[in-house]
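Take a look at these structures.
Look for chain A in each of the two complexes below; its partner is chain B in the first and chain C in the second.
Let's look at the complex of A and B:
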């Protein structure tokens, strides 16, 4: 039974992905799409790529799903120990460096790109990009994943220093939806997480409510219509 | 001479691979190539190789090596490249599904186990017991799914004794994903884990490399696309038990009839708070239809030409000696 590689459901689970992290005046916003693929099959069309490490630090995961989940589990565990030993919430810099140490020292075996974002009382909102080899780069905004290739030019033009929360959120949603439009490995819904001194807010933008781009057609008879039939909350975890 | 060469080669391969990295947390440790020397114990004691075997065994026995030894994987790859046909293994072609309904979780599976193009088992059980409130469907290599679910089921039982509480689905999930990640995808088990615990109903999928997803409905295996098509068109939140069982049966049937790797019957398992129902062979849409009720008649039997009985020769005479009777 020769099976096509397209339907090989035992292929390693990878997240095609578009992930974004931007800072604004007051905090950070992390955004991601929701598609996880094995070969050419979408294994999970509503995955959550923005994972919590502590109350004030979240990460966006891309690359191999297994590797990024394991790294985030280990870093959450180390950060928890660190918080107990330190006696106060961990800083974003520490979280990012823990991710970097794991990524760099195991670079031969891991295949994962991570964006760490959070807010602490010393530095405020910070974004750290940790791509494949284990480099750590503190940036005002970071993009990652296969869909990010289509966003470099967009951010060069659209990024501004000192945006408000709503401007930054709109920028993130627009960017992810642009990447979804052009990248086959990104899709589904757009999830955003806003972190500032007040706390953390999660937002969800279903696929049929995103702005339409060049040659895109409006969605009708969307599967998301069936959700309204039973309950307003799309997916309760 | 040949033996000596083998030892030297093995020693070389151990030394050239960079293993020790004090900073790394995730690196698996690699054990010595100890198994090559198991033949040497049959050599006469005079042989110098025997001394070497003893020396190596003393060193190796002191510190038990942890972690999976990947060295045979390299050798196997090399052999297959040279043209050796590796033995086939029993796969469960499979359609496995799970969904969350209003009161809990329903798991479903087909019952065909394949070995290449042959159906090895027409009615195997793919829904494995993990805990009284947690069940796990397994797709992939049958031995791997069986072994990994049995292993984690035992660990969960020990954990229950240790904590005095009902097992949670996330515990099973973490144990399974850590195990599968440690083996880097070589344990070919794709699982759908479902159960109800104090925190509510949960459904997860676990992939051979160790990644997990949490979903309201999930399908895995070669028939997953066929079953997912059914779920995507008809799943909604708040299904009743009967609707859920019907939907699961429909999805498995879709896999059975449209996927070559899945077939035979439908198994269903319904888990609710405090109770579970394992519906083995809930639906049997593929009965054997060609058995004649009268039985087969063969017109001509094999002819008997000669009947001769030759008793076996006795080599030993048993002489009862007066002594103590055997005591228990």
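Let's look at the complex of A and C:
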């Protein structure tokens, strides 16, 4: 509290972040918070960390915002060419492999953890985790970002194989909101993207509608609303 | 038959007045004069067979392989100039390897065929290169099922149910058309291919030959491999028996 509170607004944008990808019976659900911080300053409180690569493959980005954006731009470009050459949609595995080649070969310069999730007709719904060094690991679910530290135990207990779409969505939203409660670098709203054979659906959960956890205080309206109040008396005895 | 393209056939970068590139056609002749290569797509895989004409009795049986594995899931039978064929195989192996390194999955057979065809075609575009004097029959089994492609010296590549190149291709194609490929398993297909190759071999004109066969099917675990010894012998015996039956008529 006594620390000098001036934030370094010129620091590189980092997404403290909580990102999650889970498979369910029929597809995948990707979820993320929406806080982009520059040091202590929240540069964007409603960012979209779930980025599209193709019609059927999306990624969750964490770490350096610039690095993760560049990687996703490159992979989108390569996948586009690959799709033209192949004559059919790219598989999730190929997308994930392209991401990890970039992550691994440029590991000295990049600082980004990525979760690749999508659906293709050969393998169905798949999630691939590609953390900092460029390892690629196919997993039934993956978590990443600074907020994920608080979710390992939670997933150990709450994760089940073969959930329905709604169960999986509830799990993802609950998990992100738990992480937001504990991780200072995660916050804002919860965004989810559901991908299955029928297509892609985006969902949005405003921050003030998320459940409250231990010792969390209820949200209340901004005191600035008083200025718009009909009564000229801001305070009453 | 084709005419001699006097004056327009000296370079692969010259068209004739009737729109033909004679050098490519001459390259195809090299393939037409070589031992027959047959490929069929059965319901559970691919079978490739080669009539390997033996130039000399001093050669070790099993040498001078005409069928090569390109990747775990695919292989090619080569007809025409052997050294040219080896180059095509090497390129195919390299493409398959690079694809897997970049994309993390085995190269789809369609993609492999496209790349091989592009490479063969490339060598018909420059005056300082000559066209490949060999054609290949490429068979493989990927996640879209078994597929068979043929690449000609012109760089043209099509997908086939059954294909044949080399000396006995006309007769072989006629025989293949008689088969009900969608009902054959590879095990049965191996016997049929052996019969076809023995059938089209011209005893009078050519020297002895060695039968070389490979398959990639469910039974081989979708890996490209030589047809197992026992089945090969069974196929040869059946083929010889079929020949005798024909001669007896």
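Note that the second predicted complex is superposed on the first by the 215 of 237 C-alpha atoms of A that agree within 3 Å, B and C clash if a C-alpha of one lies under 4 Å from a C-alpha of the other, contacts with A are read in each partner's own complex, and residues count from 1 in each chain.
One rule holds for everything that comes next: a residue touches a chain if its C-beta (ideal position, glycine included) is under 8 Å from a C-beta of that chain, and two chains touch if they have at least 3 such contacts.
As the structure is a computational prediction, the values presented were derived from the model and not from experiment.
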Have a look at where A:97 lands relative to chain B and chain C in the superposition and call it first, second, both or neither.
second
Is A:122 touching anything from chain B or chain C once the two structures are fitted on A? First, second, both or neither.
second
Going by the contact rule set out at the top, does A:157 touch chain B (first), chain C (second), both, or neither?
neither
Determine, under the contact definition given at the top, whether A:82 touches first (chain B), second (chain C), both, or neither.
second
Once the two complexes are aligned on chain A, which partner has more residues of chain A within touching range, chain B or chain C?
B
Answer with first, second, both or neither: which of chain B and chain C does A:221 touch in the superposed model?
neither
Mind sorting out which residues of chain A both chain B and chain C touch, each in its own complex?
101
Chain A-touching residues of chain B, taken from the complex the two chains share
21, 23-27, 93, 114, 116-117, 140, 177, 180-181, 184-185, 188, 190, 205, 207-216, 220-222, 224-225, 232, 236-238, 260-261
Chain B partner contacts - residues on chain A that touch it in the complex
1, 3, 7, 9-10, 12-13, 36, 38, 41, 43-44, 46-47, 64-66, 69-70, 74, 101-102, 105-106, 109-110, 223, 226-227, 229-231, 235, 237
Note: in the complex, chain A contacts chain C through residues 82, 85-87, 91, 93-94, 96-98, 101, 122, 136
In the complex of these two chains, what residues of chain C are touching chain A?
102-105, 108, 110-111, 114, 143
